[in-house]
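Reading through the structure tokens given below for one structure.
We just call them A, B and C in the order they show up, numbering each chain from 1.
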Amino acid sequence: MEVIIENLPLYWEGLLRTLFLSVVSGIIALILGTLLAAARVSPVAALRGFSTVYVEILRNTPLTIAFFFAAIVLPRLGVTFQQFEVAAIIALSAYTAAFIAEAVRSGVNSVPLGQAEAARSIGMNFGQVLNLIILPQALRTVIPPLINILIALVKNSSVAGAFFVLELFGYGRQMANANGDQVMAVLLGVAFFYLLLTIPLGILASTVERKVAIAR
Amino acid sequence: MTSVLYDVPGPKARRVSLIGSVVGTVLILGLLAWIGMTLAQQGIFEGRRWAIFTRGDVWTLLANGLGATLTAAALAAVIAFPLGLMFCLLRISLVAWIRIPARVVLEFLRGMPVVLMMLFVLLVFGTSSFVAVVAGLVLYNTAIFAEIIRAGIQSLPKGQREAGLTIGLTSFQSRMLIELPQAVRRMMPSLVAQLVVLLKDTSLGYIVAYGELLRAVQVMADFLGNAFLFPIFFVAAAIYIVINICVSRLAIWIERRGSTKTAGGVAKAPTAVVAPELPDVRESK
Amino acid sequence: MKAFMTRRKSFFVAATAALALSLSACGGTTPGTTSDPTVADKPTFAAGTTMAKLSAAGTIKIGTKYDQPLFGQVGLDGKPVGFDVEMGKLIAAKLGIAADKIEWSETVSANREPFIEQGKVDIVIATYTINDKRKQVVSFAGPYYEAGQALMVNKDNTSITKPEDVAGKKVCSVTGSTPAATIVDKYKAELVPAATYSACLEPLRNKQVEAITTDNVILAGFVDKEPDAFKLASDQTFTKEPYGIGLKKDDTEFRNWINDQLEAFGKDGSYKKAWEATAGSVIKTAPELPAIKRY
């Protein structure tokens, strides 16, 4: 216990970094993922194709490989950055976007056919149907799975600890080494701080789920 | 279904779409070409860097890494599945003092990064990295399997359980004989899709020094020199993607094949493999 | 559908083949690649000692690192090579155990003590710095080598020559390692954590970090592989890292015996030979065996 209190500043710093990575990557992934989902159902074949290939590849790539690519291969392509957080955010948001795209797409599919038909029959075009009718309804049903994806994102950000970014997991390793005799307490502390982020999100997910279930 | 979203494109729209497609394809090919050119300038494609793949020992090491990846994944799946079934039963138990602790444990495991659990087992129990990797995967996937199967049971028509109880089965018998078999069949696509996640997560073993595929790559690059990092890395990434796509396809195939043996049919493969979609989390009766 | 069936089948076939391959590779024993010291013929030890036990068993379990160039690094044949490995072979030979009868296992920094405590390995020779904290849980024979922390920079870097120069600058090291803690706590560098030391090379090359820090001998291995890209910031080290051989706590007989052997290796030239066969390819001046610390 003592060791946790002693190192509270480090835990705090790690928690903030984890939160920062998760929030920024989460926002980028949500935008990118929604765009990909829209592309997936669009009339333009190339967009559909691109979106499908992107989602298939990223979903089947281990996150560590994505990190490896962003942190080590990208700089070789001349995309250098002074902050390694940038690499972590690229990897996390590119990876997460694929899952978000799939979730949103299934949400689009879950909207009853009649909705789209009605919208079309009053003369809306593809963009209007999607923006005004389908996506608002789809997003409601996909919110619980989306939150689950965001929970996974928070947990996945721990991989950044092995790729040049000191976040909660990285600090945890550091503290575990410095306090070799109290490893268990140190790591339970790390676990506690992760739960601090993930459990509220989980509760939010089930609450929203219940609300949505009643509303429809 | 998607075609409902827009009119069947007319000649003009088709032309615009075609032009768009061509431009898009050209842009993407251009980007790929630029990446290729840049890498080529750095000498990535020099023959000598790729010549290592003519060596048998390089392939042996890659095969060893792949073997370690598959072994850990298979073992973890085999252990986690029955544990998941068990936890699922505990989680939907009618007895509160069984149900609530089970729920707490599952929530705890689900909210934890897999790599943290691996590190915990490695350091606190001082196991080999193999045991740490398998244990980390088992702990996490037990929770996920339990939740998937629970979702399957809850999605069954109520009549199934009611019928079971009516013919005099006990609650437990109804769970085991009627609900579980259907739930597992029904959720098969999700369960198989979770295997992809499990397989991908073995690569976290890299961080705790388990000699899986990614670490085999690193070790080889260390030994041969960093000049060979990229070729080996690309080959390893390709291996991962091919295997995972195969397993994903298996999930989709099971879903399409469907089944007439369950009351509700087979559920769709999950949209978000990373976190299975769960229906309502209300307590089951 | 049919096409898919065959594809799936072939995948499983490939997977099984890979598994079989990996198993056979684990089971097979290949003779040591560098040197095979003369094996003592039926040495005798006092009954009940660890030496007698190991000698009678005819095998010894040694933990070493698999990712430290020059000291313990796994080769393409899956066998570790390096100075630590040579020391292990020398000790095993004195127990009457041939090099191919040694069971090597990979120990990482984090699990060396637990491995010794639980008897998963008999001894650990793994660039293992002797310090008081570790002495509370394991015992150390040696030291058999004294390394020290150093900095590696890009060839064209002239601004970093001593550890004080890295204050506020980005320095790459392995997450949770002692050199990482030192460079942050004592020299106020900004730590960029990596999974392995070799993972730090690309960021250094791309000038995303200013330096890499760890023990000088490991860095020397990197410089040796790419002398046109990297150099050591200075030949001076700023910590002392006496490498010891870890064994079960309070097995004093075994510890004393290993210490005796180490001193013998220093005298009969096998220490120097082991060095020249491994790390000596980079660090030309062979070290003198440091004074053994018996406690």
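By definition in this document, contacts are C-beta pairs under 8 Å (C-beta built on N, C-alpha and C of every residue); 3 or more make two chains touch, one makes a residue touch a chain.
Values in this document were obtained by computation on a predicted structure and should not be read as measured data.
A.B. asks: Count the C-beta contact pairs for A-B and for A-C, then tell me which is higher.
C.D. replies: The greater number of contacts lies at A-B.
A.B. asks: Taking all protein C-alpha atoms shown, work out their mean, then name the chain whose own C-alpha mean is nearest to it.
C.D. replies: B
A.B. asks: Among all other chains, pick the one whose mean CA position is farthest from the mean CA position of subunit A.
C.D. replies: With centres defined by C-alpha atoms, farthest from subunit A sits C.
A.B. asks: Report the inter-chain centroid distance for subunit B and subunit C in whole angstrom, where each centroid is the mean of the CA atoms.
C.D. replies: 35
A.B. asks: With chain centres taken as the means of their Cα atoms, state the distance from subunit A to subunit B in Å.
C.D. replies: 16
A.B. asks: When the centre of a chain is set as the mean of its C-alpha atoms, what distance in Å lies between subunit A and subunit C?
C.D. replies: 38
A.B. asks: Please output the residue numbers of subunit C that touch at least 2 other chains, ranges allowed.
C.D. replies: If we look for residues of subunit C contacting two or more partner chains, we find 110, 113, 195, 199, 202.
A.B. asks: Going by the touch rule set out above, which residues of subunit A reach two or more other chains?
C.D. replies: 72, 76, 161-162, 173, 176
A.B. asks: Where in subunit B do residues touch two or more other chains at once?
C.D. replies: Subunit B, residues with two or more chain partners: 119, 123, 206-207, 229.
A.B. asks: Give every residue of subunit A touching subunit B within the complex, in rising order.
C.D. replies: Against subunit B, subunit A makes touches at 41-47, 49-50, 56-57, 59-65, 68-69, 72-73, 76-78, 96, 99-100, 102-103, 105-106, 109, 113, 116-117, 120, 125-126, 129-130, 134, 144-145, 148-149, 151-152, 155-156, 158-159, 161-162, 169, 172-173, 176, 183-184, 187, 190-191, 194-195, 198-199, 202, 206, 209-210, 213.
A.B. asks: Quick check on the complex: what are the subunit C residues that touch subunit B?
C.D. replies: 1, 4, 7-8, 11, 15, 18-19, 21-23, 25-26, 66-67, 69, 73-78, 105-106, 108, 110-111, 113-115, 117-118, 120, 195-196, 198-199, 201-202, 225-226
A.B. asks: Quick check on the complex: what are the subunit B residues that touch subunit C?
C.D. replies: 55, 57-58, 60-61, 63-64, 66-68, 70-71, 119, 122-123, 125-129, 206-209, 211, 218-226, 229, 243, 246, 249-250, 253
A.B. asks: Sort out for me which residues of subunit C touch subunit A in the complex.
C.D. replies: 109-110, 113, 133-134, 136, 172, 175-178, 180-181, 191-195, 199, 202-203, 206-208
A.B. asks: Would you tell me which residues of subunit A are touching subunit C in their complex?
C.D. replies: My answer: residues 71-72, 75-76, 80-82, 84, 161-166, 170, 173-174, 176-178, 180-181.
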